[in-house]
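The same chain A turns up in both complexes below, where it pairs with chain B and then with chain C.
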Partner chain A sequence: MNNAPIIAEQLARHFGDVKAVDGINLTVNQGEIFGFLGPNGAGKSTAVRMLTTLLRPTSGTARVAGYDVVKQADEVRRNIGVALQDAAIDPLMTGYELLELQAVLYGIAATKMKQRANELLERVGLTAAADRRVATYSGGMRRRLDLALSLIHQPAVLFLDEPTTGLDPMSRLTLWEEVRRLNREGTTVMLTTQYLEEADQLADRIAIIDHGKIVREGKPSELKRSVGDPTLLINVSREHSDAARSVLARFGDMRPTAEGTLGVGLRGGAERVAEVVRALDEAKLVVEHLELNQPSLDDVFAEATGYRLEGADNAPQAG
Partner chain B sequence: MRRKPADTVRQFVALSRRSTLAIFRQPALVGPSLIFPLFFAALGSSSFSRAISLPGFPKVDSYLQFTLAGTVTQGVLFGSVTGAAALATDIEEGFFDRLLAAPTSRTSILFGRLAGSSLFGALQALIFLLALLPFGVTVQAGLLGYVSIVVAGFITAFAVGALMSVVALKTGSAEAVQGTFPVLFILLFLSSAFFPRETMSGAYRHIADFNPISYMVEGQRSLSIDGVSLVAITQTLVIPAGIAVLTTMLALRQLSVRLAAR
Partner chain C sequence: MSTGRSVGILAARSIRNIRRLPSAFFPALAMPIFNMVVFAGTFFAVTKIPGFPTDRSINWYMPLGIMMGAAFAGVGLGFTTIRDIETGFYDRLRMSPTSRMSLVIGPLMGTLTRVVMMTTVVIAIGIALGARFSGGVLGVLCLYIAALGLSTIGAGWGLGLAFIFKDMRGAAIMQLSIFLVMFLSSAQVPLNVMDGWLHTVARVNPATNILRLARVGLVNESNVDHLSFGAVWGGLLAILLMGGLSLGFALRQLRKLSN
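Moving on, here comes the complex of A and B:
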């Protein structure tokens, strides 16, 4: 029997005709940081809500920390930590009071409660703010408190739903470091993110989800290698766009890019850049900007879905 | 693994503490439910001072003495919505999910929320009784009467809070809960809270006859004007308790519906 802390088989959740999660299979191994990458509406949060017992699957099964998420929901809850992006922290309570409340919810003995709360406050750097109401906390402080709350019972599996969305770069780095530290201590982490860099930096393995389906899964380095050729990006004036596209298409497959930019997967890599420039010149096309990018997770994403995650606001929504 | 009863009690106590703290940390929420009923009492006292000589009015020294029970009930109705509105806010803003993601007793989530507003209901009743004392407004039933009215404040706030929680659990919207409040206010004015039923006529009288608020208020009024009687104690405590049982059942049912719909 598979003892992995998170296993989902054909897990699906439909809202009417919308297939928010459409039969996903995934296994997260002991001690891994697993990244669930996708744009808003791809199905990440719905999947996490099912895995954390907050939402019943329409079909399929999932086991978390060894327990079935539907039949043994309370056991799952006792063994996981959850920090949800859209679960607000009561602004009227202090950080310490919230930790105390969380300790009671997880059945931690009153004698150990104070020590545990103080340990966690120190860990996330909130000791000085412990007795202040959460309403006075910054976004970064709230996320750190949220993380501390999710760790009160020392869970074996931790779910972080978009842990750094809306945070400034400094707060993001602090949180990343804390997640790495937790992972080094043995906690299995599943995080959802829409940030490529976050997935790349933190995750041992990632799954790309789009329209409720997992379209790629693997180690970030392997996935990037699988894309193969680097992407040559050029900008030309709008009237030259079609002509430039036909020139570029001779050097590889066109790739999805941000509007106003043309991209081609350059067969043969950097050595052929001069050749492309000559071909554009011969076609009397003026290139305003040119750059060569080694494969990134965004290329993996683009190759798998047909659009880019960066600036993915125009991507069709799965719900 | 089943949750131990002691853990459920601890969770209930912790969630009750949270809801109580929340009420007292929002003066803007607490203030109106204390000030408005006293304002209405003062207004009534100056406007209807001569009304007490109308046929049908009980023998009282002042309109303020007559309206004590109405003032207490009005304040408690005002305040009892806060717990349900806070429950709706928890749903709206995701704190409800935070509680559900933990091994929290589901009923503790509801009862913990109601506990805060119920305690506030009892405190409101006590404050109104004390605030009107310097104006010669007393409870003839003595200590038993005072305690009964304070306990009635607790039970009434619980009953109404549970009813409003049905709205909160159904809609998950604090605005919807607040929007339902005027219905309670209308029911209060269509009862004998401010005038005896004997002075009413027509449809107004019929509605007041069927309105349970009339009987709750009349029980408290009898304690304050006439003194101790079994009927008065029963009306003061048993009627809101009966309503509380009914509304709690409705709220628990709605909680199950919400949880099943996930």
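Moving on, here comes the complex of A and C:
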């Protein structure tokens, strides 16, 4: 029997005709940081809500920490910590009061409660703000408190749903470091994100979800290698765009890019850049900008979905 | 997992918010006082109707003010729960392994504490304005029991609707239902002076029995037996039945929240 902390089999959730999550299979191994990557509306949060017992699946099964999310929901809850998107915190309460509330709801003995709350406040750097109402906290402070709340009962599995969305770069780095630290201490982490860099930096393995389906899964390095050739990006004036496209197409397959940029998967890699430049020059095309990018997770995403995650708000959404 | 501790801390959160969000509590305190004073002052002539059970209008309308305040305090729990659902805070409570019962009973205890405070203040003002408890301490106790009971019924109803609608669409139904239940009862005049369909509806409306329980210590001063079991059992039964049903409704809808 598979003892992985998170296993989903054909897990699906439909809202009327909308298939928010469309039969995903997923295994997160013990001690991993697993990144769940996708644009807004791809189905990440819906999947997490099912795995954390907040939402009942339409079909399929899932086991978290060894327990069925529907039939053994209480056992699942006892073994997981969750920090949902948009830190769900009562602004009228203080940080300490929230930790106290969380401790009681998780059955932590009164004698240990204060010590545990103080440990966590120190860990996330909120000791000085513990007695202030949460309404006065910055976004970063709220996220850190949310993380502390999710850790009160020392869960074996931690779900972080877009934990750094809306945070400044410094707060983001602080939170990343804390996630790494927790993982080093043995916590299995499932992290949803729409940030490629976050998935690349933190995750041991990632799954890319689009329109409710997992379209790629693996280690970031393997996924990037699977894309193959590096991407050559060029910018030319609008009237030369079609001509440039036909030149580039001779050197590899065209790849999806942001508007105004042309991209080709350059067969043969960096050695052929000079050849491309000569070909563009012979076609009398003025190149405004040229860069060669090694395969990134965005390339993996683009190859799998046909559009790029950066600027993916324009992409069609699954709900 | 101790349900008692969970109930206690959830009740404490609700009570603490009286101090932290007084703008939400004071209107709930002012409304029953306003209702009592305005009704007693405006409709003092109803006491002249033959068969009216008291000659003091304040004795009749003070319990009504308290009962309306208690009912609205009850459904008010639905409003605050909608706020918690909308901000996502309720997800935090649902994701905890504490019993679902404690998620209903804890906030309810906070609401009932507010109702005790409101009832005490309104009784004090009512007595200052001339209300007299001929039923003594037992009569006062009946008024508290009726207020707490009606508030529990309102809370269960409000919570259930909050879990169904998950947003402020449920608020209008909560308020409308309280007005209908209260005004289609013996809220304004006793059953014996009603006639027609209103009499029929009021007679079967459980709120009539609960109002009777609330008023039992304040009316029929000349009748020494007016505080007998026969006068209060209908109200107690209505509270037990309706309270059980409404809390069951809330619990059922809470469990269906993840569907």
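In the analysis below, the second predicted complex is superposed on the first by the 317 of 319 C-alpha atoms of A that agree within 3 Å, B and C clash if a C-alpha of one lies under 4 Å from a C-alpha of the other, contacts with A are read in each partner's own complex, and residues count from 1 in each chain.
Everything that follows uses one rule, which is that a residue touches a chain if its C-beta (ideal position, glycine included) is under 8 Å from a C-beta of that chain, and two chains touch if they have at least 3 such contacts.
If you're wondering where the values come from, they're calculated on a predicted model, not measured in any experiment.
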Chain B versus chain C as contact partner of A:V82, first or second or both or neither:
both
Can A:I214 be said to touch chain B (first), chain C (second), both, or neither?
neither
So, does A:Y106 touch the first partner chain B, the second partner chain C, both, or neither?
both
With the two structures laid over each other on chain A, which partner does A:L232 touch: chain B (first), chain C (second), both, or neither?
neither
Check the residue A:T52 against both partner chains and state whether it touches chain B (first), chain C (second), both, or neither.
both
Where on chain A do the contacts with chain B and the contacts with chain C coincide?
52-56, 74-75, 77-78, 82, 84, 86, 88-90, 92-93, 97, 100-102, 104-107, 133, 149
Residue numbers on chain A that touch chain B, as the complex places them:
52-56, 74-75, 77-78, 82, 84, 86-90, 92-93, 97, 100-102, 104-107, 133, 149
For chain C, which residues count as touching chain A in their complex?
1-2, 5-6, 8-10, 13, 16-17, 20-21, 84, 87-98, 258-259
Contacting residues of chain B [partner chain A, same complex]
1, 3-4, 7, 10-11, 13-15, 18, 21-22, 25-26, 93-95, 97-104, 262
Partner chain C, residues of chain A touching it in the complex:
52-56, 74-75, 77-78, 80, 82, 84, 86, 88-90, 92-93, 97, 100-102, 104-107, 110, 133, 149
